[in-house]
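For reference, chains read A, B, C and D in written order, and residue numbers begin at 1 within each chain.
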Amino acid sequence: MDRNQISKWIKSPVKMGHKYSLHAVYFCTGCGIIEIPPSITARWDAERFGVIPVATSRQANLFLITGYVSLKTLKAIIRTYEQMAEPKFTVGFGSCPINGGMYWDSYNTIKHLDKYIPVDGWIAGCMPRPEAIFVAVTHLWTLIDREMADGYKRYRKNYKFYRSNQEKLYGKLEWPPLFQKDGAK
Amino acid sequence: MNLVYILAVAFTASLLVYLSGKISKTLRNFLAVLVSLGMAASVIYLYNHSFAIHLSTGFPDFPLVLRINTLAWFFALIISVVGVLTVIFSLQYIKNKKRTDFYFLMLLLVNVSMLGIIFSGDLLSFYIFWEIMSWSTFLLISYNRGAAIAAGMKYIIMSLAGSAAILTGILSLYTCFGTLIIAELAGNLSLTSPAYTLFIFLLFFTGFGIKNAVWPFHSWLPPAHSEAPSPFSALLSGTLIKIGTYGLIIFFYVILGMKKFIGLKYGFFNLQYMLCWIGAFTIVFPTFIALLQNDAKRLLAWHSIGQMGYIILGIAFGTSTGVAGGIFHIFNHAAFKGLLFLSVGAVEYRTNGVRDLNSLGGLLKKMPVTFCGALIGACGIIGMPLTNGFVSKWLIYKTLIVEKYPFLAFAALLGTWGTILSLYKFLHNIFLGQLPEKYKNIKKAPFTMQFPMLVFSLIIITCGVLPGIPLKIINRIITSFGLKALDISIWGVISETGALNTVNIFFALAGAFFIIWLIFKLWPKETKIAQADNYAAGAAVPRDKYNYTVNFYNPLYRMISPCLRDFIDEFYIRLAKITRSLCNSIKLVYNGDTGYYIMYIILFMTALIFIQIKWSIW
Amino acid sequence: MNHSMKNQLLSLFTEIQIDIKKDNEMIINAAKNAIIGILSFCKSKGYEHLALVSCVDWIEQKKFELVYILSPYPEQEPEFSKKEKTNIILKTRIDREQPEIVSVINIFKNAEPYEREIHELFGINFNGHPRLTPLFLERTYKIPPFRKNFDTREYVKKVFDEIPFIDKKEASK
Amino acid sequence: MALKLLLTLIIALVTGLFFLGLSRKMIARIQWRYGPPLIQPLIDIIKLLSQKSMTHGGLFNFGLVLSLAGSVILLLFIPLGEWCIMNKSGGLLVIIYLMLLAPFGTALSSGAAANPNASIGISRKLLMALAYEVPLLLILLTLMTYYNTISISGIIVKQQNAGWSLTILPLLLSGIAYILILPAVLGIRPFAIVKAPQEIASGPSVEYSGKFLAFAEIQHAFQTYITIALFVNLFLGGASNPGYFFLKMLVVFVAGILIHTVFPRFRIEQAIKYLWRWPALLALAGLAVVVILDKI
């Protein structure tokens, strides 16, 4: 927690800004969302790290995907992810987004979330506890420090592949592609 | 180049326009624009002249006097400028409607008769032109048939009542003073008994108040404005209502005289103070009704009544800044109200007749110039700093507060906030929000419609930033009434109790805006996204159902709509019902077949003979 | 009282077996074409609430078994006291190859989503159902997913595992 | 002159952001949470300014910049301590008028965002403004008639020798009315209907991303500063040196935050009913008292 080291603020304010003001999208997928309220209220206050839930995806830069991702929810996740402003970070929460978890052979849930949207951090556990969220947040800090939390850059670079994966799943998508040529908006 | 030629040429030219319409439409259009331009040019030419012409008519002591002074010139300028712009606007607006020649004839007739009223020096010619204006307005209001005829009927009945009141006033003035020339009438009304002045005051106030849509006589205006064709409703609320104010000014300050009007008391009532309260009430009540309207033109019509309240308040207040504010607001109201009606006309022209606020939306991208016009008009009517509305309202507020009338000032300020809410609803429901599917391929408003809007916007901004120009003329008008002139500079009013410095505010606002715009541009460039790419909690944006404009202020509507019923309107309708049932009962007597009439004559004769025999009166 | 109900049903309908397991459950097995008659009869008797329509896939006997569960609203119960409120479980078997049955929507309007779901997940089509459009699934399936012969493991291998990871694909570019 | 201008802007921004940070810290502490550092709003702004943002067209940008310009302009008219830059052009009347510039700007920009949440947010914002404007106008008029001047620095000078206007008896009624409507003007909890994150996804700022949100946050900071500074100048006799002035503002703001943390949120009808009933009547009575006193 190097928040109050002034030298770092002066050297790279952008990185420090992103580290200590992660606004999370209030998006409930699957069973993990029940872990978010305790983590933002009195007992495990997330606001002391600067993490607060905000109302719309436009205002957010952290996207918690909490729990299994069914085919219907994946559409909403992709749309919300594309509406967020760059630089944005996603954290897969629980074992279901990692490799399908206990729905490993279900016909209706996707198995590997990072085939469809880039994911920066994973939290293992079949519904990890709120402390695990803070582990993920601190882990995300180190990633941001080392410029490794580049999910949005990968999305922009390989948008063609992400888009083709999504179309493989749904056939024709209702919303136009986010980036026309490779990398340009 | 005296006034007789102007009026004569203008009248014949408008007939010529009608006839040329039979030959070819473009010739008629060209002629109509030429006539109105000619009128405007001649008025501007008469800038500093003030002279009178006596024309002898057949009757010895009824000369037709045409005169011009700064007040007349000020009104003539408003009328001719708004007239030219509305004629230019309606070239395109009327193109595919029927009876277009008739429309242009009536439009020019209204313009010319208004000029006639302004130029007329004696009450007789004043009344003649007043009548020409009334019935030509009636014909134009009921131009597009259907509900317009009922609106026109309501207008013509109320304006006839008004003309009757004015006629009796003129006649009683003639019998009392033997002359009809305004200049001679000027001083001597103050010699008569207070009862007579009250009688004349009530007559003229009702007469001009009806045309002025003051609170008790306002109910003809909303239907008339919303049913009339848009360019004409721009003219109607831009200049025609001001003729009523011109009449009030002539009566208060010229015939009644300044000193008599200030403390005009009749027994316990102070008429001037009562008039201020009527003005204040006319500001608040219609503005809150306008807030809840769902038809664009009806909303603007109710605002015309509200803004007239400011003018009445300003004029009736009697101090120099108050009267200056009132007269300046006449000029401003003509500018921004005309602009707003023209923008609604352009929208109506493009969406062929749709002006319901609940079904429009998102036209900002399709009609940007119309939107800019509507925005500047809205800022003007709200009285945003840097627009002309701000200066005139500031003058009115300053006098109200400095002269210690806080409740009047409160009513006026409350009216401003009501205007903000309803004008934002007007802008939001038509131009902002999602663009419905069926308006996807709307084109921009044609140039002949955009040009008048640009001219009006220019007038609003220049008079807002440099109010010295119009204030100089208004100062001359005030001194002609005998009030102390304001000490003004090119950019505002200098006075010890609180100066107004518009250029100061202009530089502050422009500077702040520029700096913040620079800072805004400094940061990473924002990317433009489509209208459908909107936050909808992850779901797809439903086409055509993603627009919240239906009854925009619903919570307020539920709260105040019961107590905003228009009691005056209901009173008039009840009055109309009573008269109709009365007439029906008379029909029993005169039921049309002659047998009854002969019987009545015989009965009457027998009665006479009987009386003669019994009491032998002769 | 549910015995009187049972006797009336037996008298009215032929090929029908009724047995009452616990005191508040009456299981009726009936033929496919008797369903409408039984349901409307029960509805007239006060069983106005169709709690559930579900389906069981007996793959060995090549049969689908449709189960209709009816229960009375407590206040409209004519003579049953609270304790003896009986639920009727109506079962019927239909052929697995051409799964056809008439829709009960005009007796119980709330059967619409249940029947849509069974149509989508089992492939039974209900004649007379106004809207058999997809309800839950995003993709189209040759074998409806809830059937026993739908092999989920193989489906996942065919659909989800085919979609390549981004890093491997990008590396191979 | 330019230095004084820059200084007021910086002081206003710093105090505004400090107040926002303080409010988040106090809310957290009242809810038994540890809460973010005091400079959290600053960190948020730094992050937001470095984010890429998305716009819905020219009017979307113009409205936001207009609202921030309106707030900045208003700052110049409100005296901070004893110096007030735009002293001779318009006084309290122009302040009343410039107060409508900022809401009109945000209304235009979020109207262009074509999102129903934003439209509902603006209709609530304008209704709230209409609701609290009725008592506010009455109070300002009482002050103008009582002190018989329309320039705000004149009022301060009179308060210097006659004591705070809150303590002057005839102005007591309107003072209480002003305190009752202060939460509404500040937009804090009992009246936080405009930016309701749960109901209408944070109202007008639903489509703001990146630097738009930063500008909206700065405008919110200025707005808080202006409202409290106006109250302190008019009723607590705006102090001679800025330090003393800042202390008074702090007291008022802390009281406001205490109310903010414990109150649920009004529905818009309840808010309008409340604002038009008690504070409006009090303000009207205050005006009547002053007018009668004036007549005698």
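Quick notes
By definition in this document, a contact is a pair of C-beta atoms (placed from the backbone, for glycine too) under 8 Å apart; a residue touches a chain by one contact, two chains touch by 3 or more.
These figures come from a predicted structure and were not determined experimentally.
Looking at A-C alongside A-D, one finds more C-beta pairs in contact between the chains of A-D. Look at where the CA atoms of chain B average out and do the same for chain C: the two points lie 71 Å apart. Chain A and chain C, compared by their mean Cα positions, are separated by 40 Å.
Look at where the CA atoms of chain A average out and do the same for chain D: the two points lie 36 Å apart.
Computed from the mean C-alpha positions, the centre of chain C lies at a distance of 62 Å from the centre of chain D. In chain D, the positions touching at least two other chains are 50-54, 117, 201, 206-207, 210. In chain B, the positions touching at least two other chains are 527, 535, 537.
Chain C has no residue in contact with two or more other chains.
Pairwise, the chains that touch each other are A-B, A-C, A-D, B-D. Interface residues of chain A, counted against chain D in their complex, comprise 3-4, 13-14, 16-18, 20-21, 23, 41-42, 45, 47-48, 50, 54-56, 58-59, 61, 84-87. Note for the complex: chain B touches chain D at residues 362, 364-365, 371, 375, 382-385, 390, 394, 397-398, 401-402, 404, 406-407, 409-410, 413-414, 416-418, 420-421, 424-425, 427-428, 432-435, 492, 497-501, 504-505, 508-509, 512-513, 516-517, 520, 523-529, 531, 534-535, 537, 546-549, 552-553, 555-556, 558-559. Across the complex, chain B is touched by residues 49-57, 59, 61, 64-66, 68-69, 72-73, 76, 86, 88-91, 93-94, 96-98, 100-101, 104, 107-108, 111-117, 119-120, 122-123, 126-127, 129-130, 133-134, 137-138, 141-142, 144-145, 149-151, 201, 206-207, 210-212, 215, 267-269, 272-273, 287, 290-291, 294 of chain D. Contact residues on chain D toward chain A in their complex (touch as defined above): 24, 28, 31-37, 40, 43-44, 46-47, 50-54, 117, 197-198, 201-202, 205-210, 213. Those residues of chain B that touch chain A in the shared complex are 527, 530, 532-533, 535, 537-540.
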